[in-house]
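In what follows, a structure is listed as structure tokens, so that the remarks can point back to it.
Chain IDs A, B and C follow the sequence of writing; residue 1 opens each chain.
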Amino acid sequence: MSDTTQNGSVLAADGTPLKRSLARALRRQKIRALLLIAPLLLFVMLTFIMPIGDMLFRSVENDIVSKTLPRTVVALRDWDANSGEAPGEEVFTALAADLQIAAEAKLHTRVGSRLNYETPGISSLFRKAGRKVKKWDVENDGPFKEQFLEIHKGWGDPDVWRTIQTYSPKFTNGYFLNAADLQKGADGPEWRPEDEQIYWLLFKRTMFMSMVITISCIVLAYPVAWILANLPARSANLLMILVLLPFWTSLLVRTSAWKVMLQQQGVINETLVWLGLVADDARLVMINNQFGTIVAMTHILLPFMILPMYSVMQTIQPTYLRAAKSLGATNWTAFWRVYFPQSIPGIGAGSILVFILSIGYYITPELVGGTKGVFISNRIAFHISSSLNWGLAAALGAILLAVVLVLYWAYDKIVGIDNVKLG
Amino acid sequence: MKLTKLSALVASTALCAPMAMAEDMANELTIVSWGGSYSASQKNAYHDPYTAETGVKIINDESSAEAVAKIRAMNEAGNVTWDVVDVVASDAMRLCDEGLADEIDHDEVLAAAPDGTPASEDFGNLIVSECFVPQIVYSTTFGYRTDLVGDTAPTSVCAIFDLDAYPGKRSLQKRPIDNMEWALYCDGVAKEDLYDVLSTKEGVARGLAKLDTIKDQVVWWTAGAETPQLLADGEVVMGSTFNGRLFSAIAEQDQPIGMLWDMQSFDLDGWIIPAGLSPERKARALHYLNYATDTQRLADQAKYISYGPARASSAPLVGKHAELGIDMAPHMPTDPANATNVHTYDYEWWADNRDDLDAKFQAWLAK
Amino acid sequence: MADASNHDAFVEFERVQKSYDGENLVVKDLNLSMPKGEFLTMLGPSGSGKTTCLMMLAGFETATHGDIRLGGTSINNIPPHKRGIGMVFQNYALFPHMTIAENLSFPLEVRKLGKSEREEKVMRALDMVEMGAFGGRRPAQLSGGQQQRIALARALVFEPELVLMDEPLGALDKQLREKMQFEITHLAHRLGITVVYVTHDQTEALTMSDRVAVFEDGRIQQLAPPDKLYEEPQNSFVAQFIGENNTLEGVVKEINDGVALVQLDNGDLIDAKPINVSQPGERTRVSIRPERVEFNKDRMPEGAHTLKAEVMEFIYMGDIFRTRLRVAGKDDFFVKTRNAPDQVRLTPGQEIEIGWLAEDCRALDA
């Protein structure tokens, strides 16, 4: 029993207010709980939150220009990009001073590469200029404009200077514009020339293909999960091993196996020709296109759909179906009105898994996608590993992340996220 | 990037505490290469004799395909675990530009030719970047199915664009490099004008238009092993790939494949030293480079794979295949009989225009 | 046993057998017939075949052999949804994704009733179980007892003539269970429906049913109204299974005038009514209910044989006293007495004499 003081607050046995002693007890518990999960929290921070933060930061970061060419950036501020002429001597003098320092530190080619993403050709301007500028006496060797133009006539191109000017701020939306097939024009963002537009198309295609893959997975996984959930445990376990078997095989092997199956001299075509269903000169094209990508990815992602479906279906008692039938429902009605709605959380969980996995896939599309089955992730991978344009890769990744979050939000609005169960 | 540096530092100290021991192991070198028969040829020609002579253990990492991105990631994390990396010349230029590879003084580091010619002269203009030590000359060229081309085997690269004479699919690498040049060449542009034309919008459009004529019939590849497989399966009539791949399909596997050397595109593969090594490690890496790129070693590699040694002085020393006993010289892309009409790849031009043209090429592909 | 060819029969099982594996019969030659309006309980331990019988009647299991008839027509080949039988399941099986009203409306929808008619019937059914205010809730928001009522209402809402209940009260606590037993029987009688009720709880069976069928080993051991079942068990399984019983084993010495003299294994003699014994020399198991044992000398029936007994334990249970005795060498013999003002309370160690009316003590199969 606790006592009550005059002002009405309840006291604990030792006379302290009950609320305070409760808060103290709870705080101790909380700290203990926090300490217990601290390693995990740290791990998640280091391996998940920070890389994502880093990626988002990279997609707008642009301090390399102003850091490497500080004098040039200042001198270039007054230059009118629309004048149609290269800037005057003072900018070139500043550039000579900047480049000499940068070349010593071997940084000039980095700026060149950075700006080359925006205007092709700049990379070699900086590379060539760096070699020469090293040998100049910046104090006395002026004027420099002529000397730069001698190294490469590109230094006289106003477009080069416009690029340097446009990308001199510390932060840029250039990567995002690029990721949306836009570019910085004279009056704000404008569409890129049509022969360079690709990302919109790839985003749309990725979404569409992922949806088709998700739907194919639902259609194929549902009966499998149903059988698994309704078999006696021993046979269900055996079947489950078959479902999981693909996980034990390398992704490349599985994808290559589909090539063997689907190519024009492949198993399926050979069989169809042998059966006389398809003429020898009209073999079906089933690989290196969207169809091949959908088939291979559906196969690879199927277990991710079956597993949540199975675990949800396992919890649906068979008495529900019996109850429905005893109430007068036919087999179909009992399934559709009673069983199916209860299995939706499994479909939801599986769909989210499969959809998110498939929009991030690139190995399989790369191998069997041909030209029409390529995903946005293939481009991200390209920019990460080949062009080294990590800023653009980060912007594309950030857009993809945003799209996923929007879809997740929409799913929550339409179906309700409570309606997702992994078992 | 402070964030990454910090996170990588914490992660590497937390997860890779044992890695610290690697520093102490002065007797180890991590050498990164492409894997497969290529790495095997390096092992036979360089690694094994080097280990035998010096006692240095060589760890082979087969990561060259992702080397550019990995080197950048390691560099940003401040924990470079590779000592010597095998990359193609264009990647070497990119790494050099990004400050991710160390510049090398070729004459100081590398051995002179037996006759005393300094290394820089012996390699000549194959040194396309200050950071790059050339190792082999390979070429991207065409193979065709001898049984599927009818009576007239193709002799010109333009057979690729001739669907009437050579119907069927052909495989091309999924990138603009080489393909654009071949397209323009077969559209009537003179070899010496290729890059001038390609520097214009109209030139790019013209190249893509030429490729458009065969777009339906092209299987695009990304891995060098794909074309030999496609040829073996009869999926394609002809296709481009690295000449060494075709050599093994023909000489080692006896596939009915013929070589089409016309307008073969020479490319280089070689070594770089990643930036950020400790002085001791760098010294060891350079010692290995000196050994592995001398005239005799480069010639030795050709016993195991049909790529031409990058030193002029190595060419006369090229002998027979180590297992098959075939004379290797006629299978080298640099053999005069094979090199009657070659396409010279402009590294500088592609370094400037690769990203831009790639975007256009991919946009064209996706349409 | 009931006559299987009863003309008034509404539900009939005729020579029904069921085997799952083709080797063992879980239901052996079942014959049962019940008239319209009867409340019949199938009682038995688990594995005795009672639930299988119910499922065959509902149509979820098919009979391996024999005929099941409903209203005179064979239903062997009629699928469950066409049988028109209401059913209440052990765990209620209320559809969790539907509201209470939707649950009740479901059988009416599949019967294609109009909207207004459905609403009216749903409301009436909910009122019937006093749950009128709960139509909009989901099953998970209701207590066990409330869910039970809804399950009942759902099984009744489409007005079936036969309702099957599979241990419907098993998940409820004791008090609620007793209340629901009462409500279910009243509702069944008021609506005039025929009910087949499965339970393993004998109290439930006795308090609710018109007749009880005791199942064991795939057979009906006895089919009788509760009082007859309790007072006149036909064999020792029923005697043991229904209520509490004292059992003594021995050999029949003689049978005279409907009274058998039984010599117990320790030599003592007692009187019993012969049920499954017909001649002297047979081994028997005599069974006597604890409340029929008398130890008060004044009330001891005249001329009856008595047995010596030692009081081992006295248990106070409120309304009654239970006394454990050692009788004929066994110390699990119980006597039950009412807690009345004049009642004697025995003390452990006390030596007494016990006896009973011959007709209360039944000589059954050994």
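For this structure, a couple of remarks:
Heads up, the rule we're going with is that contacts are C-beta pairs under 8 Å (C-beta built on N, C-alpha and C of every residue); 3 or more make two chains touch, one makes a residue touch a chain.
As the structure is a prediction and not an experimental result, all values here were calculated from the model.
Centroid distances built from C-alpha atoms place C farthest away from subunit A. This structure's chain pair with the greatest number of C-beta contacts is A-B.
Work out the mean CA point of subunit B and of subunit C, and you get 87 Å between them. With centres defined as mean CA coordinates, subunit C is found 66 Å away from subunit A.
Put simply, the C-alpha centre of subunit A and that of subunit B have 30 angstrom between them. Residue numbers of subunit B whose C-beta contacts span two or more other chains: none are found.
Subunit B meets subunit A in the complex at residues 1, 3-4, 7, 10-11, 66, 68-69, 72, 94, 96-99, 103, 169, 204-205, 208, 215, 219-220, 222, 233-235, 348, 351-360, 362-367. Across the interface of their complex, subunit B is touched by residues 46-47, 50-51, 53-54, 57-58, 106-107, 109-110, 112-113, 116-117, 120-124, 127, 195-198, 201-202, 205, 263-266, 288, 366-367, 370-372, 374, 379, 382, 384-390 of subunit A.
Across the interface of their complex, subunit C is touched by residues 317, 319-320, 322-331, 333-334, 337-338, 341-342 of subunit A. Subunit C meets subunit A in the complex at residues 58-60, 79-82, 84-87, 89-91, 93, 95-97, 106-107, 110-111, 154-155, 158, 164.
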